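You will see subunit A twice below: alongside subunit B first, and alongside subunit C after that.
Take a look at the complex of A and B:
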């Protein structure tokens, strides 16, 4: 039996679909130049893709056809040599259509394997977001912003070839840099892209991650029902309407917190989240009215608290809020948990307000991809500069 | 429309491309120079229409590409185009295929060589889009030829073969090519693309001949007919279906000669059966975990084989019965169900048992049915090992249930 290699590419649905596909196809086509057969496929359960919902592509390569069949006999690989994460906010985990609960980003990364993350953050900033893993593995950070190369727009910022260059360095048994170069020339006939891949090959480094490093939280999961435990008639019970909220400071009750889907938490759907200045809120209700996910809890005093079990991070609340800096969208990498901002504010307003101001002042650059026309054209030169210099 | 003016055949060498099973079928359509293609989106079939649209938009493929307002019209349009002499292609999945049901029933009787790709999908409800074979199997009694493939290469090759067989004047029947949703329609593999020269040699132009609907050939198609005609009309379709195996054999032999790829017995593939005690039978990509499991079982000394059925219609009953009678037990793995059927079994198991109830064979092995992989659920290598274990026990005379569900949460 020969050797089987597997790579997964974790990406934001729609926004990064073409990027993920390019990387996956690139792996298979470059390896085929070395006589290794392979297959490339997107995880079908992630379809139909929705904007920003985490999704996966897989590339499987083998040293011979029989071994490849071992890889193709599964719905998806049970472990991978390399996990590629093309959006650093996905380090918090994957909660997709295809998966129940929160899947740690490194769940499939095999012992001794490598997690490659594209990020402008240093490894020490990413590490606390990544769940602990029982086996040691490696982390490699490829400097860059979450590239937007999706279903509708392909921003050619070289992220795809830079990842291929990094993979050639980290797993040379699967594919070599020369094969990557040859593939790039054949696919795009672009010497600058070849240079970007080569730069990335020369510069990528991976650091060891021990089982004690990372987020110690147990990822959210639940058991699926057995056939005889389920309601029949393809029916599911509705979610109860909701209940009043408790004030953690006064224990007064009031307002309204809608009951939410107990299984789909949307924790990793967001790339940004709103932070609220409760002291400047004029209770105009616009954020609550406009939120497409009913994510705002109405507090006993009539304020609006964005609940992180329901927020998709779309930013509509920030857009409709009439008060300056009352709702601010902040890059998800700034947050360690999903706790209530309102409860923190009620417990200690000074502490909260200091945290709020610091969080807004130091927020890492991040956007949705549809903030204004032409934004991506502006970002491409920055990324190409990173590809050249870092 | 196919131009009757002679064009110089394209030369070239066989190329390899990294494409999905759906894309492979779209490439076959291009190579077959299909004249009219109709489409209506439903996954996983839609991947083939997307690729056809791309080929047309890129100027690589010249055909009438029509997106209909629903599956019924989609199938009606190509039915009529085919009656007028156009080579046609269409397809659907799951309940989309069911929505076209009335059009599907009228097509075989009119002797229309329509080629349809069925991206196999679970039937609603629930609105799932993973693979199940019940969609294509609903037309099993209507006069459609039905074939299942298990790789993107076989999808491309079988599409070419399907045109050759369906458009043969002795046959003139529609053919559904079943591709497992996701496992085949959405997985990219390296596929050898035949040259245009090879395809031109293999596939003659569609000649509707005496059945051509054209002012120069005044005929009425599908007049009202009742009890004084219907049985004779049905008997004609029976005769056409009876001729299919011979034409399939000719086509596969020519395919091997021209393209150099061997498929052996066209009707079913045998894997590691020469000395097998027990065999597992199934259709489509279930072959992948089955082959891997068989290699593992054999390394442990268990002589297990696989019979992968390609052509379900016409069902190769006699040949299959002869093959299966060699083994001590047969396990049929159905990616479908037939609620209330004999022994609550799947469709393939029921047909296989019927095929074995014949006096042309002297030995009748026990047939156990396993229902699995529904809605796209993975059939794992351990699942297949469990089936092999059950078959060995049945071979030793132990009483086993006729039907078992595998991979179910119970």
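Take a look at the complex of A and C:
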């Protein structure tokens, strides 16, 4: 038997669908130029995709047809040579359509395999987010702002070809740089894209990750009923009514906290989170009322605390808030846990406000798709500069 | 309006309008943990719909995003009872559930009390496939239920196929703009609410809403449930997935749909038409309609539009406001006879 190669691309649903397809398709078509057959497919269970909810593409390449057929006789690969993670916030874990519970980003990465992450952050900043893995593997960071666009208009910032260049370097047995170059010329006829791929090939480095490195937390899991355990009529219990909230400082009760779907938290969909200035809040209700995910808990004093287990980071709260800097969306990479901001503020307002100021001041720019015509053209030069220089 | 003595009308819940955003109850009956997109305005409609209706409510949902994403395998975000129904059958399900409650209460098998029945559908399930069933159900004055159409202007659940509600020129899976032909969808959007209001004399309430104006929308839903009989509410929901925009601007796009005059807000209560909110201000000349360009150029689905396309879109919206018999509601021209006198 020959050799089978598998690559998974973990991406943000819809936002990075075209990007993931370009990478996966590029791997297979470039490898075919070396006489290796392959196939590229999106994971069925992730469809229909939703904006931000993590999804997967797979590229399978083999040295001969029979090996490919053998490899394809599975629903999806059990392990992959390379995991490509095109948004660094996915390093916190993945709760997809296809799965209940949180999966580590490196779950399928095989021993000695490589995890490639696109990020502006250095590896030491990403490492604490990535769950520990029993086997050693490698981590490679492709420097760049995670590329987000939408279903119809694609932001062509060369992330796709830069990933292909990096893969050629990290797994040369599957793919050589020459085939990647040839594929790019055939597909886009763009010498600058070829240069971006070559630069990334020349500069990408991978570092070893040992089993002791990373986030030691056990990812949350759910045991759902099997078909023979279901109730009559395929019925399930409703969500319970909510309850009042408890003030950690005074133990006064009031406000309202809704009960929530216990088996889907949605926070792994989040790439930014709202941070709230409780001192400037005028209690206008708009963030709470307009939140499509009902993520705001109403506190006993009538403030609104975004619950970080439920928030998916759409940013509507920031958009509707009439007070300047009262709700600010901040890059999810800046946070270590999902604890309540309101409780922290109630416990010590000075500490909280110092933290708040620092967090807002250091917020990284992220872009989540189309806001106006011409926006992508304004944004791509920065990324092309990174592609040239790093 | 005269009501036949043979019609048996049951009492409905007393649902006074919320007097302001601060009077809206804190309780949620559609809660977190649904797998909708970031910034999904249809999920917001579900939340506000049941918030307006209150705890004694049964919700029925035909296939679409709000079925698939909200109740994935053995999980739910509903606090009130919810049941799935088939893609084109929100009308039948709403009528059937209301009739079943009525029969159960008449036979003494259930405590007699007014229970809200709401059947929702998307634009595919409601404006296209389910239109016949909705029309039939709106002719039954004996049963109290509301049909809510959440319109994100495409079959969004299955990755954005074109529906009868898709606006002119929009990019969908079925209408990708090409090099030879730029505009692959050249039909104007179906006027569902106006058609249902005009065509169903037994229906006591039809309204159009947009949840960017949440309080107004919730009060329309309360009125629809309180007034009794079969009622219909049509909501326009910006969809970050299909309209291709940053979820951050979901709320703003809803406002723009109204302020540009593309989505007029109105209610037809006991056969009396009333324009609402910003739409009323536009009609009374107190607010100037914004150019449609401001709305179109914020969405990737219109990114292929040239100036000519924008001008055409604007001219059609102007027509809605200047030439329709009732601006934005009934697409019959007032000046037809003047322009082309009937042959003598």
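The rule is short, and it goes like this: the second predicted complex is superposed on the first by the 383 of 390 C-alpha atoms of A that agree within 3 Å, B and C clash if a C-alpha of one lies under 4 Å from a C-alpha of the other, contacts with A are read in each partner's own complex, and residues count from 1 in each chain.
Rule of thumb we're sticking to: a contact is a pair of C-beta atoms (placed from the backbone, for glycine too) under 8 Å apart; a residue touches a chain by one contact, two chains touch by 3 or more.
If you're wondering where the values come from, they're calculated on a predicted model, not measured in any experiment.
When both complexes are superposed on subunit A, subunit B and subunit C sit side by side without a clash.
Look at A:40: by the touch rule set out above, it reaches subunit B but stays clear of subunit C. More residues of subunit A are in touch with C than with the other of subunit B and subunit C. With both structures placed on the common chain, the touch criterion links A:56 to neither subunit B nor subunit C. Contacts of A:320 after superposition: subunit C is touched, whereas subunit B is not reached. In the superposed model, A:70 lies in contact with subunit B only, and not with subunit C. Contacts of A:25 after superposition: subunit B is touched, whereas subunit C is not reached.
Residue contacts after overlaying the shared chain place A:285 against subunit C, while subunit B stays out of touching range. In the superposed three-chain arrangement, the CA centre of subunit A forms the vertex of an angle with the CA centres of subunit B and subunit C, and that angle is 70 degrees when rounded to a multiple of 10. In the superposed model, A:228 lies in contact with subunit B only, and not with subunit C.
After overlaying the two complexes on the shared chain, residue contacts for A:131 are found with neither subunit B nor subunit C.
Of the two partner chains placed around the shared chain by superposition, neither subunit B nor subunit C is touched by A:155.
Overlay on chain A (Cα): least separation between subunit B and subunit C is 6 Å.
Residues 47-48, 224-225 of subunit A are contacted both by subunit B in one complex and by subunit C in the other. Here subunit A touches subunit C in the complex through residues 13-14, 47-53, 97, 100, 149-153, 224-225, 230, 236, 238-242, 255-256, 258-266, 269, 284-286, 289-295, 298, 307, 310, 312-316, 318-320, 329, 367-373, going by the rule given at the top.
Subunit B makes touch with subunit A in their complex at residues 16, 18, 20, 43-44, 125-126, 129-130, 181-183, 186-190, 288-289, 291-293, 295, 376, 378, 380-381, 408-410.
Within the complex formed with subunit A, the residues of subunit C that make contact are 21-22, 24, 26-28, 30-41, 43-44, 47-48, 55, 68-69, 72-82, 157-160, 171, 211-212, 214, 240-242, 244-252, 297-301, 303. Contact residues of subunit A toward subunit B in the complex are 25, 28-29, 32, 37-42, 44-45, 47-48, 66, 69-70, 72-75, 224-228, 234.
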